[in-house]
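What follows is a pair of complexes built around chain A, which joins chain B in one and chain C in the other.
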Partner chain A sequence: MPNIVCCFKWVVDEAYIKPSSSGKIDLEWAEYKLSDYDRNAIEEAVQLQERYGGNVTAVTVASSDATKGIKDALSRGPEKAYFINDDQFENLEPSQTSAILAKVIGNQIDYDLIICGEGSSDMYSQQVGPRLAEKLGIPCIAFVNQLSIEDKRIIAERKTDDGVEVISASLPVLVTVLPDINSPRVPGLKDTLAASKKPVIEIDLEDLGVEYERLLIDEGLRAASLERNCTQFGDGPEDIKAFAEAIRKTGVIDRG
Partner chain B sequence: MDFKLSEEQELIRDNMREFARTYVDPVAVEIDENSRYPEEVIKKLADGGWMGMPFPVEYGGSGVDYLTYAIAVEELSRSCAATGFTMSVHTGLACGPIALYGSDEQKKKYLTPMAKGEHLGAFALTEPGAGTDVGSATSTAVLDGDEYVLNGVKTFTSNGPVANTYVTFAWTDKSDKRNGMSAFIVPRETPGLSVGEHFMKMGIRASQTSEVIFKDCRIPKENLLGKVGEGMKIAMACFDHGRIGIAAQAVGIAQAALDESISYSKQRVQFGKPISKNQAIQWMIADMYTDITAGRFLYYYAAYLKDQGLPFSKEASMAKVFCAEMCSKHASKAVQIHGGYGYCKGQKVERLMRDAKITEIYEGTSEAQRMVIAGNVLR
Partner chain C sequence: MSGVWIYADKYEQGLELLTAGRGLADMLGMKLTALVSGDINRAQDFITRGADEVLLLPPLAENQPVQDYVPIMADEARDADPDVFLIAASLKGKEMAARIAARLDTALCSESSLMNIDDNGKLRMERLMYGGAAIQTVSISSRPQMATIPPRSYEAAQIQSDRQGSIKTLTLPEPSGMQVMERKGKDQASGDIITARIIVCAGRGIENQEDLAMVRELAEILGGEVACTRPISEEKHWMTEESCIGLSAKEVKPALYLGIGVSGQIQHVVGIREAGIICAVNSDENAPIFESADYGITGDLYQIIPALIEEFKK
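Then we have the complex of A and B:
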């Protein structure tokens, strides 16, 4: 019966990202949500538990106000959560997130299988899963779209540019999953109410005993804007010339 | 003063939104078109614990407060007002009176399967000659040995054709206009109970509505709800909390009208620019957003008072009349923003405008709400 760990990230809901009048991004009223692919990671962990037994633990590294994210994750099935949080945990770099996860998962959690989303839906570096496996010294199978367990071995189907690969590896293993591996369930009312009663283990920077140096610094966030000016062009040589001139004028391409 | 919902309430709202997007949006057009009862959606609502939200866990409910329940009705109605209403009338008007006035025995026998969503409830009060004027009803209940014999015709019974359990009202003493009516619980399979044809309505077409006919319908006297003569009191109490659900439903419809109007006005180009750049459209959108926010806080406030155990009858009426009227007004404005396209099937606003109107009529017309409010204010 496998001990399954699923990792998730609490991210800005892109539906709330709006450009401000100055062209910057206004996040003042932004809501947060579970990173899309991490929903698949949690769902896969819970489905495997339904098939093979064992237990599911959810783990996140977040700033300390992400408490709603913990409840959200727990309402989707895991029986407990590790909430590694500190107010300094903003703009973590993938190497830092994976190091923090490795320290906690490696030292405190009994695991056979770790499931991550293929990437987070905000930064989408796709690095945290593979880096975490590397730090824990276990095999990593990325971009998996089908998963089963047989005799303490995992059998994973992964999508690659050349086709589908079927890989088997002995546990413990880390996998990152694609969104088409499953359709995440919609938590019912009772799941949400039960989530508030599940155990949450809180760990902060001091507990981790590490220094945290901020590596990623916001130099500014700029919003892309789409302005229609409703100019129409035909397909004749003169039109194409006029079109090129128009996009030069607006600064879309440089004259250089 | 705190205007913020709890994390749990926010998550429940978000999950209902996700539920509605996943299971309701894909069928909303079809069930409206065919006036079909979405049995499969109601089953999923039941599985998720949404059909008995504000009732105690020991009677099959989920044990959340009324505010959280009303927020869920809003979110569900944003996708489909008929489905939102099916849940709301079941919860507020059918489960509600049994939870409030039922004996422990009645709660175990009737409320529990209803709150679990295994049984659907209906509220049969209105009669062909008795709408707002409840006192002009003619249905009677005569005690004969250990049984009440019900006779009468109820109409506009929401959930009527598909319900398992009916809460109904009949005169036990016709001479006493004030305390002569009593409430009863009648299971569907009772001989003498029959259900008429489903009415074809302008809006909320997937909500099933019919006559319910009682002809020498004998029920055990244990099925009397509350005490003899408490019928009118029970009916009015049910309307008080049911109205919070209708206000929430109206806000859901209006929010959907706003959602559609924002996205359409940003992409519809006329005179060389998106119509959202025109002040005429901007003002409509600003008014919509303002009224929706005001309406939402009105029903939040009524639900809050109820949850605190404080009087909320006036506030429920205020929320109901304000939300219903702003909903109709803005659903119509949303069609205006969509122009000719909005007048055609295939645009959500066409359905929203038809669905909106009923919120001004059922569970007490806007005029009846004003009677309640004025009665309270001028007292």
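Then we have the complex of A and C:
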């Protein structure tokens, strides 16, 4: 029965990000959420447990104020969580996050299968999963949209630019999953209550005993402007005609 | 040692990286090395198009994934210690780049949209974050400075006359134990939205799956392809993800984009930011799509689309 580990990240909800007039990014009022793709990772871990038994452990690296994220993750089904947190762990870059995860998972957790989201919804670097696999020295199958386990081997269908590949590899394996692999459940009140009773193992920088240097240097952040000057039309027959005419006049339609 | 390295798992993207890499190598006064899988003719082709050196990756067994090149690519890079290592941001390329970066203990800028060289000869790169709402500028303090480059960011390198270069064939990698059991091509029924000149995009405002027929008819009259937003492909499964536009799906560059009932979530809008003309039909006058559009109609799409179809038929 497989020991399944799923990794997640507690991130700024990009829906709250509004550029200020100065072109800076204002995060003061931002809400946080469980990274979208990590909901699929947790759901997949729990669904595999329902099919094959075993256990599910959720792991995150975060600054210490991400406790809400732990509860959110646990309300989705895992039976325990590792909360690797320290105030020094704010805004880590992928090489640091993956090194810290590898240290804790490699030394403290029994695993057969590690599931990560394809990327985080804030940075979307899509690096932590593959990097973690390398640090642990296990096979990596990225961008998976179908998973099963047969005789200690994983069978994964992954997306490629040309279509799909069905990959087989013996456990332990790390996979990163695409959002279309499943539909994450929405936790109910009962799940939320149950989550607060589940064990959480906390690990801080001192427990970790090693610091990983930042290698990707942040040189600045600015709001992206996607604004255009929109000419608005109403919905009357003349308006629709004028709208179509405006499009025709741009010359982008071959036949008119 | 110094130099600029490039690798793409697809030929076309390899030619684009030749352009990107040649530019950087010339600015830095360095040699350009291309990692190329294939035969000696392919290696020669890369040299005539701009590479100074080709490291030739021998063909893999049929059931070996291309990712099996990761260990030898990382070993070669560790020995040669290049300054810059660019990898094409295909799905396979993104995974391979992250794994090579981990093996080399270096940083990687994912999907770099812009590259400059500062006064110290270091790369300064830009990339999108927060679903496309922000642009982050980064540099890398470790070696090599790695980045993945989105497809079609650069023109394909052309054949030049009188170019010489060296070719070194690498040893065949050991099988990783990961086996490709099956490869399936894409469903070719739908056209490719990435190369489409005109795209009509269906959004959440479409109420029933049957109503997509109306969107298709409009696309057909305009001579374009039909695309969709994430809710249509992922939640409703009315269209495949091959048709989905967005930062984490496909980024498109049509001359004309027409959004039908598309609200304009940032992740989607980022995927159309390079469209020539952006038009939108939405019932909500405050829909964010209008902020990123050139022309917009506020109203009931179930009246407007049939009228537009009639109008464009003329």
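Keep in mind that, in the parts below, the second predicted complex is superposed on the first by the 215 of 256 C-alpha atoms of A that agree within 3 Å, B and C clash if a C-alpha of one lies under 4 Å from a C-alpha of the other, contacts with A are read in each partner's own complex, and residues count from 1 in each chain.
The working rule: a residue touches a chain if its C-beta (ideal position, glycine included) is under 8 Å from a C-beta of that chain, and two chains touch if they have at least 3 such contacts.
Everything numeric here is computed off the predicted structure, so don't read it as measured data.
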Touched partner set for A:Gln47, first chain B, second chain C, both or neither: neither
Touching partner for A:Gln88 - first (chain B), second (chain C), both, neither: neither
Which of chain B and chain C A:Lys71 touches, first, second, both or neither: first
Touching partner for A:Cys230 - first (chain B), second (chain C), both, neither: both
Which superposed partner A:Ala169 touches (first chain B, second chain C, both, neither): second
Chain B versus chain C as contact partner of A:Val186, first or second or both or neither: first
Touched partner set for A:Ser196, first chain B, second chain C, both or neither: first
Partner chain in contact with A:Asn3 - chain B first, chain C second, else both or neither: neither
In the superposition, chain B vs chain C on chain A residues touched: C
Which of chain B and chain C A:Arg131 touches, first, second, both or neither: second
Those residues of chain A which chain B touches in one complex and chain C touches in the other: 228, 230
Parts of chain C lying in touch with chain A, wherever the complex brings them together: 10, 65, 67, 90-92, 94-95, 98-99, 101-103, 105-110, 124, 128-142, 176-186, 197-198, 222-223, 230, 233-235, 241, 247-248, 255-256, 258, 265-267, 269-270, 273, 276-280, 285, 290-300, 303-304, 307-308, 311-312
Complex contacts: residues of chain A adjacent to chain C: 12, 14-15, 17, 19, 25, 37, 93-95, 98, 118-119, 121-127, 129-131, 133-135, 139-143, 155, 159-170, 176, 179-180, 183, 213-224, 226-235, 237, 239-241, 243-244, 246-247, 250, 252-255
Residues of chain B touching chain A in the complex: 7-8, 10-12, 14-15, 18-19, 22-23, 47-50, 53, 62-64, 72, 269, 272-274
Parts of chain A lying in touch with chain B, wherever the complex brings them together: 33, 67-68, 71-72, 75, 186-193, 195-196, 228, 230
